[in-house]
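Every chain is named by a letter (A, B, C and D) in the order it is written, and numbering of its residues begins at 1.
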Amino acid sequence: MVPLPYYLILSAILFACGVAGFLFKRNIITIFMCIELMLNAVNLAFIAFSTHWGQLSGHVFVFFVMVVAAAEAAVGLAIIIAVFRTRETLNVDRVNLLKL
Amino acid sequence: MDTTAFVLVSAAKTALFLAILLGVVAYTVLLERKLVGRIQNRWGPSRVGPFGLLQPLADGLKFIFKEDVTPPYVNRPLYLLAPLLSLSLALTTIAVIPVGGWIDIKGIRTPVQITDVGVGLLVVLGITSIAVYGIALAGWASNSKYSLLGSLRACAQMISYEVALGLSLIGVLILSGTFSLRGIVEAQQGTFLGFIPNWNIFRGQIVAFFVYLCAAYAETNRVPFDLPEAETELVAGYHTEYSAMKFAMFFMAEYANMVTVGCLATLLFLGGWLGPVFGPWWLQAILPVFWFGLKVFFFLFLYIWVRGTLPRFRYDQLMAFSWKVLFPLAIANAVVTALVVALKS
Amino acid sequence: MLHYALFFIFAALAVGGALNLLIQRHPISSALSLVVVMGALAVEYLLLGAEFVAAVQVIVYAGAIMVLFVFVIMLLNAGEEERAGRSRVALLFGLPGLVLFGVLISWALIRINPASNRVAIGALHGPPDQIARLLFQPFLLPFEVTSVLILIAIMGAVVLARRER
Amino acid sequence: MNLNLWLIPVLPLVGAAINGLFGRRFSNKLVSAIALASTGLSFAYTLFVTARFFSLPADRIPHIEHYATWIRTGAFEVPFAAQLDQLSLVMLLVVTGVGFLIHVYSVGYMAHEGGYYRFFSYLNLFMFFMLVLVLANNYLLMFVGWEGVGLASYLLIGFYFTKDSAASAGKKAFITNRVGDFGFLIALFLLVKHFGTLEYGRVFEQVSGMPVEASAGLLTAIAILMMVGAAGKSAQIPLYVWLPDAMEGPTPVSALIHAATMVTAGVYMVARSNPIFFRSPEALALVAIIGAITAIFAASIGFTQNDIKRVLAYSTISQLGYMFLACGVAAFSAGIFHLMTHAFFKALLFLSAGSVIHALGGEQDMRNMGGLRTKIPRTFWVMTAGVLAIAGTPGLSGFFSKDQILWKAWASPHGGKLLWLIAVFTAFMTSFYMFRLWFMTFFNEHRGAKSDKREEPVHGGPADHRAAHANPHGHGHGSHGIHESPWVMIAPLVILAVLSVVGGYVGVPHALGGHNQFDQFLAPVFKFSAEAMPAGEHPASPAEGAAQHAAAAHEDEILMERLFTGISIGVAALGFLLAWLLYVKRRDLPGRITEALGGLYTAVRNKYYVDELYNAAIIQPIIQGSSRWLWRGIDTNVIDRTIDNGAGGAQGISDAVRRMQSGNIRSYAGWVALGAACIVAYMIWMGVK
């Protein structure tokens, strides 16, 4: 019988890790993964609350989050591929020009 | 039933199932070699033991005693991780697969199955989807272009066909209204029109069955979708750099997956262990498992038969087939099924 | 008891995976550690009784999205992430601030601990059919909208990734 | 009964509009035709209205016509409404009549000027505003006219706007008037605040309920503020300085605006507000004193001026002083009477002076005139009539009106011996400088050499005039060929001369066997004052006076009045003799006297340095203060510096903030994360607390 706050703290820690990665990492793909990590943390919080209140809406929200994440991944990775074709790099610090 | 008994029974069942599965895998290899031989108008292995029945044992020993070469340029941890991942995942799927009804032994009533999960089907799908990593990592970690190309193809192929696979199951799910494999099977009990068994394949899921089969072959990288290991182009595809036991692991994983696919097809479309049950109690206990095994054997036979018959697809044909044929078919099937069910109720 | 054990084991697994994601300098390693995190989270979901979500988590996230990542990484053959000049600000303030923030949140959450609310396995299996009902009755519009979103995303991905010739 | 009073002001407005908008393309004939038609029609209609007016039943007077509501805020309401009563009727007749005559005169006088259409449209505009001022039934509408005539006067003074002196003179008039208007406005505010309305009738009803203020109070304040406005408009001390310079304008303008009509607006206003003034003795006393001092002061300056128009200007000021004196001693009707007669003869004088200048081709310096009696006889005779009238020759209009004022200054309870003395002395001075002008202009030999400008510079108007005459379109002569003015100019002069001679007979006092119809005619307007009279006191209102003349005190009153009449005649004769002595008989005397007087003379010659005084006391401080203090001090050091520093600060801040826009994605993300963290921390804080 794990109390709710534990899940929330776990979620917060994961989210913080995601933020940190987003800030520190240079590889655009890794940064993208960090975003996914944040989303997962949020999902965990959703599920925990949903169970806590005995309502399934949280699950539905998680479902939506996943859908959005999938769409995001598809488009984002496509963008990354396009960028890589032109820039030959995945380092966000190098990708600082709007036009080549 | 108290916890200790539960644990003990579960452990016993797990061991039993694993043993059976590995045995099945081993003898599926033998079966394949012999059947393909026959299809190609030659004897298969026949030296070791009567009719070469001990051949699998020999192969196992050979794999074990071969030198295990690890190329210097590989990414070692992942290189090691990949085959383990493949095999373990392939074997894990058996955990949720029911092979029979319930059995009572001295008041201990347990399903003929390691565990009955509410969302068994989803578990299977999840595990198979994770299985991609094995191949992908293998190809990437071994740091050779053949491997990489092979694993790239494998990834693309598996992602693409997973969609069709999943969608093809929707119809079945609609009909049975549960994710539990046991539930699905129990939903197929009985007959209609007096004699036709109430199996999903007879209840309009024939298209779904076809789609599922194609997708499953692709998932397991079998002919005619075996581009990841297309010898003629890529030496051996993703496991080019693997040798000895590691290669054996991939090998076993592949056949285990075939078995899993067979089991799943049986459960979903052919009414699992359902079949005529008669005779004394021990016979009644055995028969369902027998029916089940029979159906799985049919699928394995089909696998081998197809391998011996069909040529390999070209890569673009592969993708086109997935996205332009199977995917629409699966969706259409799902829609039609949903409509029919809706109209019936 | 068993709950606590499982919870902490997989929580540790998740956090470890997340940290590894940060530490590893090769995208593939990061991706795999992220997969680990997701698996651990799936188990946490199971602990929370959300079977369906757990399965979907594995299938969609681990099985589809992350595979896509790995695929792209392999496709682009992304090498190690070169360590550019570390931003001193980030090191001086970022990490401590992050830790501080986490501590603050944890403290707050512990402090508002609703002691009575415990989560038991099977207390609530998100049964797929009920979720489906929610999805197709109250959340129908969002559902349809997300489907459109997915469609647009697919087309966008195709357009973007196509090598125009 | 509807009199359509609005027609009277609107007609000139139409003329002004047509001329002002299209006149540039019109021929001079058409322009003058339009202008004359509009004013003439207005005058004619005024006559018609007058005829109808006498058939009005007494209780229907004042006759008020309400046309529209101008302002309505809460209970406070200002209508567009016209009020016709005896007072406004008199003013109407004077304005339209004299105005029409002067228009006619202008046709000839301005014949050779540029901007012909401009002149007439301005003139008509002036007529419009003046009539609005007169006809208004509330102070605000009156104020509109008040400001409007100010505008017209500004435009006409600066008619020769190419001349710097003219332009500055216009500005001077305008600004000085603003000072007065300021007082007037405050008076209006007080009225609104305390009576909640600006309509004469309502205000006066409320006022008549109030007692005479023993010590200065609200009414005193209002009255004094109104007097400030009147002083500005009617050129009384201390605001008279603009009028002499206003002579920059063409002579008809001086005649119409700065002699006959506009400058009397102040008197009209005081008379109109008589109930208010009457209830505050202090204000009345102030009015009387200002009037008296202005009269003598201006007259004394008139002594020494050599510019013919300036002499007339100062005489105008002093005559206005007379009118205020009359109002100040509560002899409002006497004031209006003098206003009317003065309008006649002063217009006459100005116009004939204009005719003289016209004849001399722009010469204004009397020392360069003389002996014109034979050269321009018609002008001479009409001007003679005017001079005699203003000098108070028995039987002429000026005599009656001035005589009444003198008598009231002595007899009225508000009057006093000192006021009377000053008035009498002023009468003497008036006749002296008028005859001085007369002699210098028309007698002796012609000193026609061109003016060597020892005096104040020749003014813009005449200069242009001379230029205009020099040009071939003119009468084909320069300034040497002295010639009589054309009949179009002489005819109005004749009419005005007749009026100046006989105009006085509407108000012959009882003492001289008349019935003072003018007094009785105006009496209803001043009834509020009459009501305020505490019983038993000597009546201030002539009407009351007429009523009480039946009393026992009657006879010696008559005697007294006759005596005073004699005195005034005497001083007039004295002035004549002195002028004759100095400027005909012993022409060397003036120079000697000047030397004898020395400093005093120069002081007077320079108008007591009043302009210089104002310049030093008011204008310079303002200029210095605004330039040193407001501009360099406040504007540059405080406001500008504040703004500059603000801009600089903004620049600095943005320069610092700019560094956030590094283009480094992760730094942006860092900021976002920081912000989110702050918000979450805050929410946690709120939640936990």
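Please note the rule applied: contacts are C-beta pairs under 8 Å (C-beta built on N, C-alpha and C of every residue); 3 or more make two chains touch, one makes a residue touch a chain.
Nothing here was measured: the structure is a model prediction, and the numbers come from that model.
Colleague: Looking at mean CA positions, which chain is nearest the middle of everything shown?
Modeller: A
Colleague: Using Cα averages as centroids, what's the distance between chain A and chain D in whole Å?
Modeller: Here chain A and chain D have centroids separated by 88 Å.
Colleague: How big is the gap, in whole Å, between where the Cα atoms of chain B centre and where those of chain C centre?
Modeller: Chain centroid spacing, chain B to chain C, equals 29 Å.
Colleague: Counting in whole Å, what is the centre-to-centre distance of chain B and chain D, each centre being its mean C-alpha position?
Modeller: 117
Colleague: Based only on mean CA positions, could you tell me how far chain A sits from chain C in angstrom?
Modeller: 6
Colleague: Which chain A residues reach two or more other chains?
Modeller: In chain A, residues 19, 23-24, 26, 93 touch at least two other chains, as defined above.
Colleague: Enumerate the residues of chain D that touch no fewer than two other chains.
Modeller: Answer for chain D, listing residues that touch two or more other chains: 666, 670.
Colleague: Let me make sure I understand the interfaces: which chain pairs count as touching?
Modeller: So the chains that touch one another pair up as A-C, A-D, B-C, C-D.
Colleague: Per the contact definition, I'd like the list of chain C residues that touch chain B in the complex.
Modeller: 28, 32, 35, 51-52, 54-56, 58-59, 62-64, 67-68, 70-71, 74-75, 125, 127-129
Colleague: If we count contacts the way the header does, which residues on chain C are in touch with chain A in the complex?
Modeller: It is residues 3-4, 7, 11, 14-15, 18-19, 21-22, 27, 30-31, 34, 37-38, 41, 44-45, 47-50, 52-53, 56-57, 60-61, 64-66, 68-69, 72-73, 75-76, 78, 81-84, 90, 94-95, 98, 101-102, 105-106, 109-110, 112-115, 117-120, 123-124, 126, 130-131, 134-135, 139, 142-143, 146, 149-150, 152-154, 156-161, 163 of chain C that touch chain A.
Colleague: In their complex, what parts of chain D are in touch with chain C?
Modeller: Touching chain C from chain D are residues 666-667, 670, 674, 677, 680-681, 684, 687-688.
Colleague: Where on chain A is chain C touching in the complex?
Modeller: Checking each residue of chain A against chain C gives 1-10, 12-14, 16-21, 23-27, 29-30, 32-34, 36-37, 40, 43-44, 47-48, 50-52, 54, 56-57, 59-60, 62-64, 66-75, 77-82, 84-85, 90-91, 93.
Colleague: Would you tell me which residues of chain A are touching chain D in their complex?
Modeller: For this pair, the touching residues of chain A are 19, 22-24, 26, 92-93, 96.
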